[in-house]
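The following pair of complexes shares a single chain, chain A, combined with chain B in the former and chain C in the latter.
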Partner chain A sequence: MNNKVKALIAVVVVAIAGVVVVQQRSGGDVTLTLATVNNGQMKDMESLKGEFEAANPGIKVNFQVMEEGDLRSAVTSDVANKAGQYDIVTIGAYEVPQWGANGWLTDLTPDLADKAYDVGDILPPVKDALSVNGKQYAVPFYGESSILMYNKEILDAKGVKLSNNPTWNEVAAAAKKVNSAKTAGICLRGKPGWGDLFAPLTTVVQTFGGTWYDMNWDAKVNSPEFTQAVTFYKDLLAAAGEKDPVSYSFNECLTALKTGKVAMWYDASVAASMLEADDSPVKGKMGYAHAPVVKTKEAGWLWSWNLAVPANTQNKEAAVKFIKWATSKDYHQLVGKKLGWSLVPPGARTSTYSIPEYKEAAAAYAPITLEVMSAVNPKQPGVNPQPWVGIQYVAIPEFQDVGNQVAQLVADAIAGRTTVKEALDKGQVIAQAAGDAHKK
Partner chain B sequence: MRSTKARLITGMTWIIAVTYFFPVAWMFINSFKTENDAASLTPKFIFTPTLEGFSRLGERGMSNYLTNSLMASVVSTALVLALSIPAAYALSIRPIHKVQDALFFFISTRFMPAAASILPLFIIFKNLHVLDNIFALSLVYAAMNLPIAIWMMRSFLSEVPHEVIEASRIDGADFETELWSVVLPIVLPGIAAVALICFIFSWNEYFFSVLLTSANAKTTPPFLASFVDGRGQFLAVLSAASTVAALPVILAGWFAQKQLVRGLAMGAVK
Partner chain C sequence: MSAGVKKAKSTGDLAKERNLPRKLIAPALIFSIALTQVPFLATIYFSLTEWNLLKPQDKKFAGIDNYLYVFQTGDLLPAIIATVGLTAFSVITSLLVGLFFAVLLDRKFLGQSVARTLIITPFLIMPAASALIWKFSMFDTNIGVINFVIQKLGFSAIGWSTQYPYISVIILLTWQFAPFMMLILLSGLQSQSREVLEAASVDRAGIWRTFAFITLPHLRQYIEIAILLGTIMLLQAFDPVAIMTKGTGGTKTLAYLLYERAFVGMNVGQAAAYGVVTVVLTIVVATVSLRSLFKVFISGVSK
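The block that comes next holds the complex of A and B.
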């Protein structure tokens, strides 16, 4: 046989042989693989992992940092198929109760019972959102709610004052008063997507008395309250919102507020730390208030990025040890001392807000974040009871698709391509199909 | 008039070329800036260059990801060439029955979007215990590139004059001699073109790498995305990483430029 043919065959054989080589783990030591999102706080954790490894000889932690969409796809396929590629996963508050109920995650309740960890220090609404039937399936790394952020200079110039707990009517009146050709009164997300437009809009719907589903999983998308809330949102954007709202989400509104193109913004509380950053043009000029309300006492949403241990990991003991370290009080001290107090992960532990250095570094936004996050109720955020735990989302697998489809319809209404009634009538049919799957 | 038209065309060509090239050049420039310079709201053209971004790549272990990308690209490209040349041979120079049906079958394997095949692939990989295995990922890349390679190789082989092949057969050349000494030297530029395209496709592949690998076999493209940071201080290091990631493909294209142009033109002229 010709040598070249032999060489080609050899390449094929080597490639196929390589396939059957099973990856060997180094003996003795445990290497934990942690899948996480590319957020600053997670990267801080990666930069501090050496402290954990030094205190726990024999355990190494390998970070796999991914973009949010990639993380969701990679972790969902891995955990749902019990593939075991990851020992620790970073997942959102939306996934935890569903995956916990499916038996995909380790029940952490017994492991968190020790006094030193102080599980009772975790903000109660956050803990509730991560538990199913009294079992806690994840620990919060950091959390956020939604608040109203406004440029005091712009509002003061027009003689507008806002209370600490404003109503939507007050906010709408203020937005209209400060609205001008140069500066829009308020920025609200209009980009279609369950995590974009519907994050703030669902909280507006809830405080107007609406909900996605009632206790029987009957959809309520075209109910009078839901319709009233969406109409209010659309009218406010038309009267005093940013131009072309359907292309605006978190980042666009953040830039608009920083550059003085809008006077107010209702969005995630984590934005406050960016508005108060040293390089922010509006640092020290901002005011913060609770999420605006109508019929409820609070209307803020609740989100947390959490660490969980897949049920089938081979390294459960080491994995639990790491996630307890990364969400402990000591870790918050470590971040503060090594990286800076303003970088301490917010919205997870009550005690964080008692650290003097943190209180000083985050004076502008820490008190309001704690107030709102302690006050929201993920079990019943609206006027009526709901059959799931969660605020700005419905904790069922179908919601991503339902939310995206209805968000597109509502975005069309905001852009004037259809009416609110037409959009919500179509949305009702979509939501009901998903609700039917959960009827008992 | 003619000269004005020619100047206009030349001008337009320059504008288009610069428009296409500018983002790449800007990425390259940013890779030598500090994070503050790179994130500056007013673009900075004059700055003190630094290698800070590149040094941070080493700290994040980029060489492992580059090695994985290289392994996956080389192994899959070698496999594709090893399989596509004989397949194309059987579809052009020594045609089998129903050539058109066979060609349609090959290309039909690309009709299904990758997203539709990922779950079955994931389960197969899991059951074979080859998740996070670079050789298994290489097989997927080879399968992904094989149809296009067969189609390209077939069009290149069809360009080989029959008279040359017949003459070699009359001179007593057997199949191996015909393939190695007559046909392949003629289509070498075409093989280079196929190899480079397969290499680029594998090098840049993102979707399968994200889902089928984790700690040991992750390739460069998903690693690049990990540099994006909500706090905004990531442009310089991301540009440095992207520059390093783009370099092998640019260099390969540069060196094989002449072969590539000849190769890609082969199938175009009948």
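The block that comes next holds the complex of A and C.
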């Protein structure tokens, strides 16, 4: 099976390569192959690629759009094995520093130095998350943090007010107050997975003073702070959360909030644009606040989808030209004018938030997104220093596996089949095995 | 009779006679060996390497390290228990439900063929699609039909995947495989001799006694085949775990564990080692169970 698939892939790759070579020889043209994720903003980019091709005769861009999971495995095996199928890849903030350090990606620092591109305009925390030792390996297409979203009508009816920078205790008290048989107090991701449950839960752990690893890569999963945070999360879900947390992640919570089945939700800031969309029943009824905190000043996460150029591409020059175009200020103007101002990719450039038309179209959530995204610190999100850059994940290849296994253990604890202590004691062993590989 | 004629021939003739069929079969045989055994040999090779897709620079020969990992982490036994348990419960429940519907459908009534087609439908739906249907349309706490009914009855909604993951998976698998069981049992019921049933009713045996002493013994072979085929299919069940429970609550089956090692852990070596262990276990279990438990194929030939 494996070999057959490999052979098939090889044939397809050779065929594509052949076509590309023929095209290059016949007209001196370059065809760039771009792998990307099937999010709205990426499809907008595909619909606007004609503008780039018109401005740059001789360069054609071929989009390969995939589901997030498929993209991750396709791009990972292509880039890791240096197969060279893609000239441009769309990768998450989790991958960029690892792949950059592995030498799989082109160092873009010299190419981004020109004044017109204005690399200093990229939101500083995002830029930090995409750089290793001062070298920038990718450019952000759009970015997000995590915020608290709440239905003002439901909270007002119970006389609950939330500040712009609430603490977790305030949020828990509010959730319990508005919780009823028909409406849950708060929706929190419970679906086991490093990118599902552990995205918000890791930010809670950090603001409680916990961390996955200390500076020596010793696992801290069963530390008192980590345990306290998971217990808090579990108790809040039990007292005022959605009924079936294992089934709930981003999309399920979004639906529940839209239909008035929950009053509050702590999740990705990009959700705000969906809650304020024209077809949303809660449009204009929502309030937004910073991620709730305990011991830290900010607790929001940081994520971005980025464009990068694999180190072994044959078309580096053209590829760099395209990714600069797709992440430029001009591109944001183009999206606004051609497709609508609320569709401008958020969370990548500071200047986006001073475009008058965008400020008007995204008035409900643009200010808080910019505020939170400029405030978070991916170098040290928690109380203590950490040996990696990143907030809701640990930037080591083993983390998706470790996070996934520990998430399953925690899910069993949330359901009451084990205790939090038992779950985290087992998680500690799993995390330590991965940490040992990074000790120096 | 023909055996006696053949015996008269010399062994040389016999070898010649068998030469041609052997040559004719050869291409198919070579093809199927290439198709099934070469990948298996590759898997054995992979299982002896340390190979994480995310760390290609560390790829090296690992000896039996991956096998030590398989037996030392303690994930294997719970996965076997989960696989066997979920399969056994699901086979039994779907067999009982299937028998119930088969008996109902064995009668003549208006719209019988429409009812039969409708009841078979769950078996024809893609497993991933039916897992999604159950997750959202049936089990969901806000929009699911089951919770809607429960709440109408005055109880509070149940978080199925969180509180009862094991039962949720069994319910889904039963829904999916009961129609298959029903089809096999229905063919058994319809092959019953009408005369025997008539004789029973003349003797005033009653419905229950007729069913217990005439119909069930008659169905035994069909039940055995249904259990055998159902077990083979249910052992591979993967979609409800991947879509609904994510391996929590004792539902991490061998298939899901293997998937996790390969596509979440990206660890080709460990996944291959699990694969090899699974194949060995399957061969052992299949050999024993086929020989001792299911004499149906042998007795079927002798009849």
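Definition applied: the second predicted complex is superposed on the first by the 413 of 440 C-alpha atoms of A that agree within 3 Å, B and C clash if a C-alpha of one lies under 4 Å from a C-alpha of the other, contacts with A are read in each partner's own complex, and residues count from 1 in each chain.
The working rule: contacts are C-beta pairs under 8 Å (C-beta built on N, C-alpha and C of every residue); 3 or more make two chains touch, one makes a residue touch a chain.
Being a predicted model, the structure only gives us computed values, none of them experimental.
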First, second, both or neither for A:Q408, with chain B first and chain C second: second
First (chain B), second (chain C), both or neither touched by A:Q333: neither
Which superposed partner A:S77 touches (first chain B, second chain C, both, neither): both
Touched partner set for A:A181, first chain B, second chain C, both or neither: second
Touching partner for A:S374 - first (chain B), second (chain C), both, neither: neither
Touching partner for A:P192 - first (chain B), second (chain C), both, neither: second
Chain B versus chain C as contact partner of A:Q228, first or second or both or neither: neither
Contacts of A:M66 with chain B and chain C, given as first, second, both or neither: first
Where chain A meets both chain C and chain B, residue numbers: 2, 4, 73, 77, 81
List of chain A residues in touch with chain C within their complex: 1-4, 73, 76-77, 80-81, 98, 102, 181, 190-193, 242-247, 255-256, 259, 261, 397-398, 400-401, 404-405, 408, 411-412, 414-415, 417
Parts of chain A lying in touch with chain B, wherever the complex brings them together: 2, 4-5, 8-9, 11-12, 14-23, 31, 33, 35, 38-40, 43, 62, 64-67, 70, 73-74, 77-78, 81, 83, 85-86, 274, 277
Touch list for chain B against partner chain A, complex: 75, 78-79, 81-83, 118-119, 122-123, 126, 128-136, 138-139, 142, 176, 180, 210-211, 214-216, 218, 222, 225-232
Touching residues on chain C, where the partner in the complex is chain A: 38-39, 42-43, 46, 52-57, 135, 139-142, 156-163, 165, 244-249, 252, 260, 263-267
